[in-house]
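Next come two complexes built around subunit A: one with subunit B, the other with subunit C.
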Partner chain A sequence: MRAQAMTMSLTEDQRDCYQEITNVAMGQAADRLARLLDVYVILPIPKVNMISASELHMALADTATSDNVSAVCQGFIGSGIAGEALLVFNDASFSDLAQIMNYKGPLDQHGELELLMDVSSVLIGACIHGIGDQIEVSFNQGHPVVLGQHCQVDDLVKSGNHQWSQTLAIEIHYEIENLNISCDLLLLFTEDSVAKINQQVDYLLD
Partner chain B sequence: MTKPGVEFAELHWLMDVLQSIDVGLVILDRDYKIQLWNGFMENHSGLPPDQVHDKSLFESFGDIPETWFRQKAEPVFELKTRTFTIWEQRPYLFKFKNSRPITGRSSTMYQNSSLIPLESVNGDVNHICLIIYDVTDIAVNQGDLISANGHLAYLSQTDSLTELFNRGFWEQEFQREHKRCSRTSTPCSLVMFDIDHFKNVNDTYGHQAGDEVIRTLASIVRQTARETDICGRYGGEEFTILLVDTDAEAATIFTERLRKKVAALVINIDDKEIKFTISSGIAEYSSNFIKHTQWIEAADKALYHAKGNGRNKTTVYQSK
Partner chain C sequence: MALPVLICDDSSFARKQMKRALPDDWDIELTFASNGVEGVEAIRQGKGEVVFLDLTMPELDGYGVLEMIRKEDLPAMVIVVSGDIQPDAQQRVKKLGAMAFVKKPIDKAKTVEILTEFGILSES
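Then we have the complex of A and B:
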């Protein structure tokens, strides 16, 4: 089983299809965010890759443009497909975020947590929902967990001791026009989910 | 013919489950009026469903800040998305007692909550469901973990006799400051000092007295140093203080003040009066100190010079 999982890879068609599905889903998510915040959200092309446990740290390090970040993660599961969504915010984003979210309280660690939770609820929920809609899976979302505030990217996910060797990673970088706000959404699917999603994706490709 | 009966039975079971599940379920309409209140909510709040039904959530439960809660709930109505709150944001929404009132270590129940949209037949969201989870054990354990880690960190960084930083941790901090100095132009001075003829103290008055001398000296260091200064016990009777934002001149004033305080001190142990002095070496950071060890060597050289100069002295390192 393990050897089979190790060789798991994506065909070009599958990768394109994942990218397309994500495009639609993150478009929906951005639309909800835009409606919630009344701003224009800039969307890039999502990156789709099979990555190993060690590469996850590199992928996370790539997302961080500043030293300190805050992050929330949330598990999702449905029809044999399981994974986690990770939302990583640059700490520099919070003051602008507070402004557009109309947050009046003091912007201390607690205030930032409120913003982090509010934005992640909307973004993660919409994205997972959007993907689920297209592959016809209704995902169940676990409760969000704060991975860390004002910490180094390296400390977000403890290295080693992972129960998995490979994961399907979809990386989406969100930016908001004219504001110093940027965040990264990582959708990570477990290796045994990949075969199941591929099935669904192949079905869509046909 | 039997089918409606079966469906009714199933509905009955479902209602039973909703009523007895160990999770709080509240359904709210668009005006935040309570439409469903399950057994968990009834039992923990002491309010039966008929007392809260059709009452505003905010009027019935003043603990829930209206603006805050609306900010979480409006996206559920408007965007049909789920939202979540965690106990780190607010320990609880409803002020319930701990479900283990005897052995539990928190008086109130910590709560996570989910808000989910309930779509009507035409696809509109006119109602939302608020789900309350009891996470008291998780929250209490997390608090324990943080305080245990804090205590462990303190133990691993602290010298038990003096309660100053131990050598390992001090060096780690010193290396970081050395790196910082090489990037910035603010001055920073390192002071190394030790007790003159400490062996005599030990030999004459015993090791207990020696320990007391070291402890007393450390407490004077703590009183004299600023909060930002990094003080450590470097060896047996040898101490280090890193004075941030301080040039050699200001460091000399600081060190002289410390030296005079110590020289004027009399420690009484077993009716014996012990007096002692210290010698210090100061080295201000210079870009010549490429490695942090070179900086320590410089301060050590100055200290050696102070010793050779008759002790109870302060010497500033001069690069040639």
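Then we have the complex of A and C:
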């Protein structure tokens, strides 16, 4: 057990490289959102870590507040690397989001779902492709799945069926300037993919 | 005389990538800085006549570096190399006096194009 934990760690160079690649990809995603909504998206430095299934809960709880959240997940796969993108929206974001997206319908469960799907397709798609382009992997995306609406982070974590002990997690926090809109994008790679994606990154570092 | 060129980025990978994107056989004296404070200090010492500057950095970010350059009237031609490519970011750095804005990841062709455009690299 201990030996396994030791092999699954990142070197400083690898972490730095993941951060920089993510930084570029999230910038591309933010640019698409900024042009679509005519806003400025605040971009912090992304967090890159090897986490265990139990730490996933902490990662999510850290990002989302005690407020209710809605979440979408979407799988991606390519060149032997697979993972899930998880987008967690703070429910307080929806009224401002509806306004800037010029959404005219009633802001009920269905309306919020539509907004959630629109934003997640932009953010997840651009980010996954941005990372793929840089590590020279072409990712195919699965269908987005709603994990829950108006739920607590606890419920989200329980709804997932985590068959892994430790994996690579990239956390990105997006906020829109001057508006009450914030969300977290979490990229989780499968345990089996870590060696392969590390290899792609090492190739860049060479 | 070799041209003093500064690469200012907090990521060692990004600094390496930027170095690889510099033109071949360019007669320069290259300096690296890993945050804005180090960057400004290097420019003050005359090590950055041409600066390749990242925006998102700890200590002092790229916007802060541009403000310092303007405030102290330092002789630096700044090319912003950024992952944040939103229209607003581009306008902000141009207003702060950056010469050019290039999106990451940068490559050699783009660097040569910009340096040539501003007459820093002469066509030979």
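Simple rule for what comes next: the second predicted complex is superposed on the first by the 196 of 206 C-alpha atoms of A that agree within 3 Å, B and C clash if a C-alpha of one lies under 4 Å from a C-alpha of the other, contacts with A are read in each partner's own complex, and residues count from 1 in each chain.
Throughout what follows, a residue touches a chain if its C-beta (ideal position, glycine included) is under 8 Å from a C-beta of that chain, and two chains touch if they have at least 3 such contacts.
Because the structure is a prediction, the values reported are computed rather than measured.
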- Query: subunit B versus subunit C on the shared subunit A, clash or fit?
  - Reply: fit
- Query: Touching A:Gly125 in the superposition: subunit B (first), subunit C (second), both, neither?
  - Reply: first
- Message: Looking at A:Met117 after the superposition, I want to know if it touches subunit B, subunit C, both of them or none. Which is it: first, second, both, neither?
- Response: first
- Message: By the touch definition at the top of the document, which applies to A:Cys17: first (subunit B), second (subunit C), both, or neither?
- Response: second
- Query: Can A:Gln134 be said to touch subunit B (first), subunit C (second), both, or neither?
  - Reply: second
- Task: Identify the partner contact of A:Arg35: answer first if only subunit B is touched, second if only subunit C is, both if each is, neither if none is.
- Result: both
- Go through the superposed model and pick first if A:Val146 touches only subunit B, second if only subunit C, both, or neither. first
- Query: To the nearest 10 degrees, what angle do the lines from the C-alpha centre of subunit A to those of subunit B and subunit C enclose?
  - Reply: 150
- After superposing the two complexes, the shortest C-alpha distance between subunit B and subunit C, in Å, is 14
- Which parts of subunit A are in contact with subunit B and also with subunit C? 35
- Query: Where on subunit A is subunit C touching in the complex?
  - Reply: 13, 16-17, 19-20, 23-24, 26-28, 30-31, 34-35, 40-41, 43-45, 134, 204-205
- Query: Taking the complex as given, what residues does subunit A use to touch subunit B?
  - Reply: 32, 35-36, 74, 110, 113-114, 117-118, 121-122, 125-126, 129, 141, 143-146
- Task: Can you check the complex and tell me which residues of subunit B touch subunit A?
- Result: 68, 71-72, 75, 78-79, 81-86, 88-89, 112, 114, 133
- Task: Give every residue of subunit C touching subunit A within the complex, in rising order.
- Result: 11-14, 16-17, 56, 58, 82-89, 103-105
